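After this come two complexes, each holding chain A, first together with chain B and then together with chain C.
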Partner chain A sequence: MDLFGVFDISSAGMSVEQSRLAVAASNLANARTSTGVDGTPFQPLKAVVQTTSYASVEAGLAAESLPRPVVQSVVPTEAAPRLVYDPGHPDADEKGFVSMPAVDSLSTMMELISVSRGYEANLRAFDVTRHLLQSTIDMGKSR
Partner chain B sequence: MSIEAIAAIGAAPFTFQASPVSAPPAGGETFAAVLDGINSLNEQMARNDQAIQAVALGETSDLHQVMMNLEKTRLTFELALQVRNKTLEAYQELMRMQV
Partner chain C sequence: MLYTTPTMALLEHAIDVSALRQSVYASNIANAAVEGYSRLDVTFDAALTQANLQTASSPASSNALPLETAAVVATGDIVKLDEEMAAMAKNALRYQVLLNAFERSLGSVRLAINEGRS
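Coming up: the complex of A and B.
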């Protein structure tokens, strides 16, 4: 059924926002991680979203064939680490600088707001679909 | 007094023909198909039960997926309920018919 297919699209969108939220939370949590797994400082991550398919008129534009987003990969950003002067730190270099991850808390907060709004938008689409389905079924309610 | 104007009506032979009731085509929808639909709805509900258990045990990461499936099942159930109500209503209407 077509309207049920819209549910799945909203669900895919919510999954993507969930992944973006997880990535943003991980970036914030690792803002002071000076030693990553391989000794280098933690690199802020970002989620790369791609779509499963492209809509085409040939496919009939049914909800099943419409493109839905999916998180393709989570890649580290290229941002150079922030150098903090802290001579007592075990990770400090010979000049006393520690490489701290280039987590920009301001833009991460913006990302959080964007995630929140995106998730809400998908919820709203879900709500509208549900309401329409419910109204359609209520058509059959006797008097 | 001439009544020729309506004479034509009397001239036409009045026949009442009930159209024969044709048997339903073979291989068409049977009641078993309806039961099949109800069975699949039942399976959907059983799967939802498992999904709710998984949520309660903290084994699932996709809460929205579970909620969406619950909502899908609820709507499917309501649709089935409406179909059932309509069918029953039609049956009772037929049974009340004066013969």
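Coming up: the complex of A and C.
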């Protein structure tokens, strides 16, 4: 059993949480972007996280074959833009409504908390593995 | 090996399984954000109990379990971070205990080498 491989798994987990954080931050920052690159309002994004196949885990015990997550893609959500009444806005339609991105600030904040906890947990796992390896390396030193 | 006692072989094996557990828990924590991920676990305790029963009926065989008895299985449950952290802390303690025991059994071999002078 190789404990060194566990560092890669925890690193992959932290890297995924960082991507989720970037996506959530982008959604929050663009909450009032009524004109995106193609003239339509900004579409909230979503990080699609996948895991490597773990069908082979039953066959072997190597840490290298344990599943690790990876951000497969960042896709726009299907959420329809919400209409805000603002007749003076340059993007307002003839009735005075502006299409604003459907960014749900409440669920985005929840996502941020989840990212934070996930990152902490991965960091802790990393630290525990490091500690176990250190004790293994120090074995026999006391005599 | 020349100085490997049965106890040391057993401990070595148990340390291996504990290390496997650590990597499985770390993997569960890393994959917590993945939709549809099934929590992994190590089935070893069941095999150990069965082996204990067999050893009780024939005490002469004190052979270590083959490492293949510790299998990684998908449980089908979702990952709960708190449970995973608790399991990891428990396993880390167990790992330390096993390491200590191994170190002590090394110490007794050392005592023999030194002809009883510690």
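Going forward, the second predicted complex is superposed on the first by the 135 of 143 C-alpha atoms of A that agree within 3 Å, B and C clash if a C-alpha of one lies under 4 Å from a C-alpha of the other, contacts with A are read in each partner's own complex, and residues count from 1 in each chain.
By our rule, contacts are C-beta pairs under 8 Å (C-beta built on N, C-alpha and C of every residue); 3 or more make two chains touch, one makes a residue touch a chain.
Because the structure is predicted, anything quoted here is derived from the model rather than measured.
With chain A as the common reference for superposition, the partners chain B and chain C occupy compatible, non-clashing space. When the two structures are aligned on the shared chain, A:Arg117 is found in touch with chain C, with no touch to chain B. In the superposed model, A:Ile137 lies in contact with chain B only, and not with chain C. Of the two partner chains placed around the shared chain by superposition, chain C is the only one that A:Ile9 touches, whereas chain B remains out of contact.
By the document's definition of touching, neither partner reaches A:Leu45: not chain B, not chain C. In the superposition on chain A, A:Val23 makes contact with neither chain B nor chain C. Here chain B and chain C are compared by how many residues of chain A each touches, and C touches more.
When the two complexes are overlaid on their common chain A, residue A:Val98 makes contact with neither chain B nor chain C.
Between chain B and chain C, the minimal CA-CA distance in the chain A superposition rounds to 12 Å.
Residues 10, 14, 126, 140, 142 of chain A touch chain B in one complex and chain C in the other.
Interface residues of chain C facing chain A in the complex, by the touch rule stated above, are 16-17, 19-20, 22-27, 29-35, 37, 40, 67, 70-74, 81, 84-85, 88-89, 92, 95-96, 99, 102-103, 106-107, 110. Contacts from chain B toward chain A in the complex involve residues 62, 64-65, 68, 71-72, 75, 78-79, 82-83, 85-86, 89. Contacts from chain A toward chain B in the complex involve residues 4, 7-8, 10-11, 14-15, 18, 126, 130, 133-134, 137, 140-142.
The residues of chain A lying in touch with chain C in their complex are 1-3, 5-6, 9-10, 12-14, 16-17, 20, 49-51, 54, 57-58, 61, 63, 66-69, 114, 117-118, 121-122, 124-126, 128-129, 131-132, 135-136, 139-140, 142-143.
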